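Provided herewith is a single structure, encoded as structure tokens, for subsequent inquiry.
In order of appearance the chains are A, B and C, and numbering begins at 1 in each one.
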Amino acid sequence: MNQKTFVGGVHPADSKHDSDTKPIEACPLPEQLIIPLSQHIGAPAEALVKAGDLVFKGQTIAKASAFVSVPIHASTSGQVIAVEPRLHPCGKMLPAIVIEADGEDHWDPSLEGIDPAQWTGDELRQRISDAGIVGMGGATFPTHVKLSPPEDKLIDTLMINGVECEPYLTADHRLMLEQSDKIMDGIDILRRVLGVKHTIVGIESNKPDAIACMAKAGANHGIQVQALEVKYPQGAEKQLIDALLGREVPSAGLPMDIGVVVQNVATAAAVSDAIRLGRPLVERVVTISGPAVAEAKNLRVRIGTPLSFLVQQCGGNKYEVSKIIMGGPMMGQSQLSLDAPAVRGTSGLLLFGEKDLAKIEAGPCIRCGRCVGACPLHLLPATIASYATLGMFDEAEAHSALDCMECGCCTYICPATRPLVQTLRHAKGGILAKRRRS
Amino acid sequence: MLSAVLGLGQIGLVAAIALGWASKKFAVDIDARELDINEVLPGVNCGACGYPGCSGYAAAIVEGKAAITLCPPGGGDVVEHIAEIMGLDANVGEPLLAVVLCQGDNRKTTKKYRYLGLHDCNAASKIAGGPKDCPAGCLGLGSCVASCPFEAIEMTADGLAIINRELCTGCGHCIDICPRQVIRMTPARETVHVLCNSHDKGGVVRKYCETGCIGCNICKKTVPEAYKIDKFLARVDYDHAEHAALAIEKCPPQCIRDFKTAYPESSHFRPEQKQPSATLCAGKDLHG
Amino acid sequence: MDNQLYMSSSPHVHSGETTQDIMRAVIYALLPACVLSIYYFGLEALLVLLLCTAGCLTTEAVCCVLSKRAMTLSDGSAAITGILLALNLPASSPWWLALFGSIIAVTIGKQVFGGLGHNPFNPALVARVVLLISFPVQMTSWTSPTPLGHGLDALTAATPLGEMKTSVMLTGQLPASAHSGFSDYLIGNMAGSIGEVSALAVLLGGLYLLKKKVITWEIPASYLGSVILFGGMFWLIDSQRYPDPLFHLLTGGLLLGAFFMATDMVTTPITRSGMLIFGVGCGVITVLIRLFGGYPEGVSFAILLMNGATPLIDRYTRPKVFGRNPYHNINQTPAQEN
């Protein structure tokens, strides 16, 4: 099969072999779940419960506070013991609902599945919104917003992202192998909501088994599966559309501007659950991996499960952990402690020990141009970074610093190990602050 | 020979006429006062006034758009000079100096993680609020040092910004750049300050800082008019601070200091070490 | 107690290739040329190589101490400057010439601009040109190679390019050496500076760099390609007056320049298209100087001139930012089914 791709990018070692053959296991119920109110892009949800309330699994415990916001549901049945600031994966103390599990794991009896064929697109969209579904590739953008293009934006293609280009992560890979039919069902529902026929599933060619499995499942649905070159960031929305359709999302624009909606495979599976079974988004598949973890696994995890509990399920750590990363190593966040909970955007949890890390002093830029070749957005990272270091934010803006999506290719490839992404982030902050002032 | 002299002379004459005409034709009207003001301004183009450089500020004054007291580096003398040029009353404000209200360097405070990356306080504070357990103290990565147009800020070897009171002009650049708001403007005549910026309760502060204010009220009991306690943090009331120094001895965590006597000691400065502004690289594919 | 966990901004992995690795690879790639030059020129060449390398390293260390900067010897750039400078000098260079060149290269060529990464011109070439202009006699006293073991005293000889220039100036015709002896040029059996004698050894090093992906193909390919095309054009016009493109390729410092000095990252454009322009510019200038200029060889001048043009090239070859191209709007052009 021909492999499509985009211009730029890097080839990090994929490190997926520790977990890509491990079937998804259900993670046991922890004693306590910490469910943050802010787990998505947009306004945080508003808590509907207070300490002492009894809740069912799947019950709405916080409501959406704006259009770009989603409700939050209890991930198990039990008693709310606190609504207070707790450690969030972003490293800050943010409001969260703490539930003590009763061990019964009772679903809310009022939740009922429906047959999507008998409901209109608008009704289905409302259900998706009520189920709290967000983009599960890691960006956590509310799905119903993506499914609500303005009248003047014609959507002709639904793109399903099964690329999983981040090293170590295998959650989507396993999901595609084990639940391809559910994903296809979710795709059918998404197509119905959008009124779109043309659907492409993009999968990196390092997952031939997933490509075969999805192609087989998709054959009856008229869904095309396309193999993509193994290259990071193949799974970034803009790069995926470029590779599959040859269309460029305009700078500062959205995929819907060029008639495309992109959804992750895990999101499609969650949509199927939300409609067919009436079950809101209360769990997701997380890859726990990294050299320091005893046994790498793919776990089906309730939202709010403390990270330390996940590590326990994988046999603990082999040696002392020096760095914890939530998500993939290219765009994931380093964690302050394992006390933080898994949230809707948690695609992976990676543990590293001191010996897996290398600390190098950043040297001067030798103008090798590797960052220029690697940047998938065709920016000049080193040039923008030097402007930013000098506080010349106008020049940085003129070099399109705001287009940077922080994919990490430039820092990954920089032989002088300069923290380019961090500097570009600094530049973006500086430019936006300057705009706000004027 | 003669033709050469004549030739050159002709060229010179034509050029002179052209230049003379051009200088009249394209002359830019500059108010003489603007030039005078530009003369008396310090000429460091620090931008503290909010105008592009000293000449920009001079132009703004002449146009009547800017007050004459906006140049902190110039101090009172410059204001008086400008007032004279503009024919205004000099109303010199109180000179101010920036002070870092923290003495919790890397030895005296605890860290919540080991930070690696861009050597910049603002960048570090975006990662879980910065590497120090103290939510308000100096991060010690030197963004203020880089921002100071007068080289008045130095970073100690243990990671604490110290402002040289001789060199500081009160321009306020460091205050804008500091993500922790730990640098404050204080009246230049006042030398006694509470060097802490954390509003946490005493018990919490003690856990992460040897020398942070615990809100014990002893300073206020000693010199009631000179101190205010706001949410477990003592501050000098600079309007009534004559006897503030009396509380220095009494302060249990020793966070009140008098710059006249105790702090900063010159021996405090050690030669700057190369800072590990390293990128942390996890993963098998780095052999380093 | 301090928490011992590390935190940093993403990404958390790195390719593993560092500046030192790049510099080390360049030094490895220069070794065949060094070894062969010692074979041809004997201890004299070894002495110049050692003097230049030691001179550059010492100067770099002194500069670091004087400017109170951290020691930068370990990055390997000073060593490369030293080796490249040596390869650009005649084997008969006196010791003071090598040392003076090293000091010029590191101070004027690099440190005054702020050290590695900030110099606009290739330091070794700056030094070579300074020496060439200041000490023309010593810098053009070429000896013909006397392979080790032959025991002959080195003879003074002209380089093939020098011979060509003289002959064309005097007779308007190419000398015999411009029509034959290419196999000698290939293995380095000709007069010239230490490093330019063997095309083969330099080519070997260059291919190693390409293989290791330390340099990209753009600059060497466009440089050599444009010399072949542009030089070839003149050869087609008058093959009695202008030499064969192969002669251009194998003589003088063209290969050394194309693979090692025109690819110096610091002083060349950072964009792919900029690199192509840079290479073509070098090629055209080299041919022009060789055929019509006052000096027999033009590689150093060509590269230095293009170094000067680098900021301009970078400015006009900025890649088009993703999403700024005229894009498909499905309301205008129906999407293709693929």
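Some notes on this structure:
Keep in mind that, in the parts below, a residue touches a chain if its C-beta (ideal position, glycine included) is under 8 Å from a C-beta of that chain, and two chains touch if they have at least 3 such contacts.
All values derive from a computational prediction rather than experimental measurement.
Chain-to-chain contact here is organised exhaustively, every possible pair of chains being in touch. The interface with the greater count of contacting C-beta pairs, when A-C is set against A-B, is A-C.
In terms of their C-alpha centroids, the spacing between chain A and chain C amounts to 47 Å. Separating the centre of chain A from that of chain B, both taken as means of CA atoms, is a distance of 42 Å. Counting partners per residue, chain C has 3-9, 12-15, 18 as the residues that reach two or more other chains. Residue positions 112-113, 116-118, 123, 126-128, 274, 279-283, 285-288 of chain B each touch two or more of the other chains. Looking at chain A, one finds that residues 12, 91, 167, 323, 325, 329, 334, 336, 352, 357-358, 360, 411, 414, 417, 419, 422, 425 touch two or more other chains. Interface residues of chain C facing chain B in the complex, by the touch rule stated above, are 1-9, 12-16, 18, 70.
Across the complex, chain A is touched by residues 112-113, 116-118, 120, 122-123, 126-129, 274, 276-288 of chain B. If you check the complex, the residues on chain A that touch chain C are 10, 12, 91, 154, 156-157, 167, 198, 238, 242, 245-253, 257-259, 320-325, 329-337, 352, 357-358, 360, 363-369, 372-373, 376-380, 382-383, 399-400, 403, 406, 408, 411-417, 419, 421-422, 425.
Across the complex, chain A meets chain B through its residues 12-13, 15, 90-92, 167, 291, 323, 325, 329, 334, 336, 350, 352, 356-362, 411, 414, 417-419, 422-423, 425-426, 429. Across the complex, chain A is touched by residues 3-15, 17-19, 21-22, 75, 115-118, 216, 265-272, 275, 318-325, 327-331, 334-335, 337-338 of chain C.
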